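Chain IDs A, B, C, D, E and F follow the sequence of writing; residue 1 opens each chain.
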């Protein structure tokens, strides 16, 4: 069993590795109204869950981007997690693939809205999206 | 642009590779009421989307298991896709990780229900689930 | 403004016309625990809303079957409303079309689960589903 | 079985008939990031599904407006589909009826939010909404 | 059985007690497009349901804030109902507790988005949120 | 900041107080596949969140029953939480009120399905549901 300090330290390390400074900014923004929620994000979400060694960080972000795309009601978090996915080595093209696949399981509106959010992220980071979502066009 | 026959052939190949005979059984079961839906599963869902080369099949299944866990209303499809995830090389432990992570993004009830479904799948296949979901117990 | 008696009478008439005796059975089943909910079904849902003259009953049932298919979490009500759709003159083939279309807007799992429910209804009523969902196969 | 060119041609014809130029604009907007998604909208969503002869276009739009209202997480697509519903001959009053009915099946917040979107559409098109949603007020 | 006038009067009284003038403004805003929806809000939602004596108004608002937080797709209504919760005597700290608890049942994104909305409400009303969501920090 | 042992102890105490032995049975059932999920239920869900002093346990259960009713996809957890609500002093009649109110915010199908689950719970416990959901019938 981890001590509380270990959970927190592990969470902060994972948060930093995955989100840069963005995750800490979310945690800090909660100080005025729900600081314990910030603690849970660090110690529980990132310290207990996301930092577990049983699954690589790229796969974790594919899973989270998929879920947030499919649920459809958390565009702010989806945008953040597309950033985090890029941070841990997912490519823009792979993220687009995950979003496209959700069209099959959650419908085209979810996919269209997530694509619009992904475009914003890619533009903010200057990531080229050319060729993303176009695997089979060559020779088409 | 693929011909219709190419889409279908590609879809059937992917369906077979991922689902064994289960996918074709779903398609066949639709003949009495909505055969075109079966065609769309083969040619669109598997032929156009899931068979795209831009993302590996393991990642695709992590994404689908994540989404079905988080949406919570498609237990039959979730069960099938946990089977398919095992078929393409995801381990039981990795699948459990994806499901656990959804607790953060979609809540504990979604995770608890998906874990119950995963247990059924693992039992049906004789996959050991010992140690899944327990990455940090050693020395705890 | 309708009187309460008019609302109730109108609701019961619409309930009977759309559901046969099934709707009244639902209302009666609530007597032991939430009789006012039964009253609301009659006077509000059927008396105020569903009986409005501004939209024909077939279109209303297409809308309800579509919504229940897309939300995915109310299979009991979806089954009832497929029955009611048949009662007001929607054909099995048209109901299948509505369900298939939801694949685009809510994903294939919702559509697959609704098709399974529709099949049950069609079997219970001896409605032929042959040809439903197959508009373009001729000459295919 | 349709050829790929037939699917595409049929999809474009239906897209144009239902959406005017709006649908093609959506497809074009995807060129930079996910052009295949645009193709799927044309060939699958509109070519395979929405253009099927088994259900009239008005009923299809009632179904889609109902589902998007009830799911609640796709306001951009809901707005577009209210436009498309008007394009294929649904009246403002009928669209309001569908949205009102969703109050029964998906709750008042979904209905209130969809009404706000419908109002925007009606204003943009100069469609009179007077009398919509008021079937029984005369003599009330 | 209440008369229609009694339902309406009771609904208006509850609406006023819970929402101040905000609820009537919502009802008035519907006059141009769906006045009957406004009537249903008054007579059904507030007159029949919310005004029932079997549960105190504070508990009713905890329930509504919880549900709107967990469903995640109705931020406008969530904001209104946080206002109404304060109006009927729920404290800012209690409202934050309900929202935090939804993290367990509906996931952190729902909770984070609802917290952002609660912050807006608290600022608009000059309610101090200091200490909300921090029950155990003293001496921690 | 609590120590890990304090979180666990507090969680177990709250779990026991609210669920009797049911919560521990859920935790025990996870040992074969995801024991850490059981730990999170104890230490995070019950130890960190539900046991917080800022909101009384009755209100917490009203909130949870409301959310699970409105989300609609977790009937197993809804059943458990109706039991827990009774355990902490919510009455059958109050629980029915919360469920009825969700009809306004999440639609009648959610309410009907939750009422059916509540009926099961009340029967299992021999709780009289007579009079629940009927506040205004006297003299009606």
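Keep this in mind: a contact is a pair of C-beta atoms (placed from the backbone, for glycine too) under 8 Å apart; a residue touches a chain by one contact, two chains touch by 3 or more.
A quick note: this is a predicted structure, and the numbers were derived from the prediction, not measured.
Student: What is the set of chains touching both chain E and chain F?
Tutor: Chains that touch both chain E and chain F, as defined above, are A, B, C, D.
Student: Would you pick out the chains that touch chain B and also touch chain C?
Tutor: Touches both chain B and chain C: A, D, E, F.
Student: Based on mean C-alpha positions, I'd like to know which chain lies farthest from chain A.
Tutor: Most distant chain from chain A: C.
Student: Chain C and chain E are the same sequence; what rotation (0 to 180°, nearest 5) superposes their CA atoms?
Tutor: 180
Student: Based only on mean CA positions, could you tell me how far chain A sits from chain E in angstrom?
Tutor: Distance between chain centres, rounded to whole Å: 31 Å.
Student: What is the distance in Å between the mean C-alpha positions of chain D and chain F?
Tutor: It comes to 39 Å between the two C-alpha centres.
Student: List the centre-to-centre spacing of chain C and chain D in whole Å, with centres computed as mean CA coordinates.
Tutor: 21
Student: Where in chain E do residues touch two or more other chains at once?
Tutor: Residues 1-2, 36, 40, 44-45, 49, 52, 68, 70-73, 77, 96, 100, 102-106, 108-110, 132-133, 135-136 of chain E touch two or more partner chains.
Student: Could you pull out which chain D residues touch chain B in their complex?
Tutor: So the residues of chain D in touch with chain B come to 1-5, 7-8, 36, 40, 44, 48-49, 52.
Student: Could you pull out which chain A residues touch chain B in their complex?
Tutor: 1-2, 44-45, 49-50, 52-55, 58-60, 62-71, 74, 77, 93-94, 96-98, 100-106, 132-133, 135-136, 140
Student: Okay, in this complex, where on chain C does chain B touch?
Tutor: Residues 71-73, 96, 99-100, 103, 108-113, 115, 118-119, 122, 129-130, 132-137 of chain C touch chain B in their complex.
Student: So in the complex, the part of chain E that touches chain D is made up of which residues?
Tutor: 26, 30, 32-37, 40-41, 45, 68, 71-74, 76-77
Student: Would you mind writing out the residues of chain B in touch with chain E in their complex?
Tutor: Chain B residues touching chain E: 70, 102-110.
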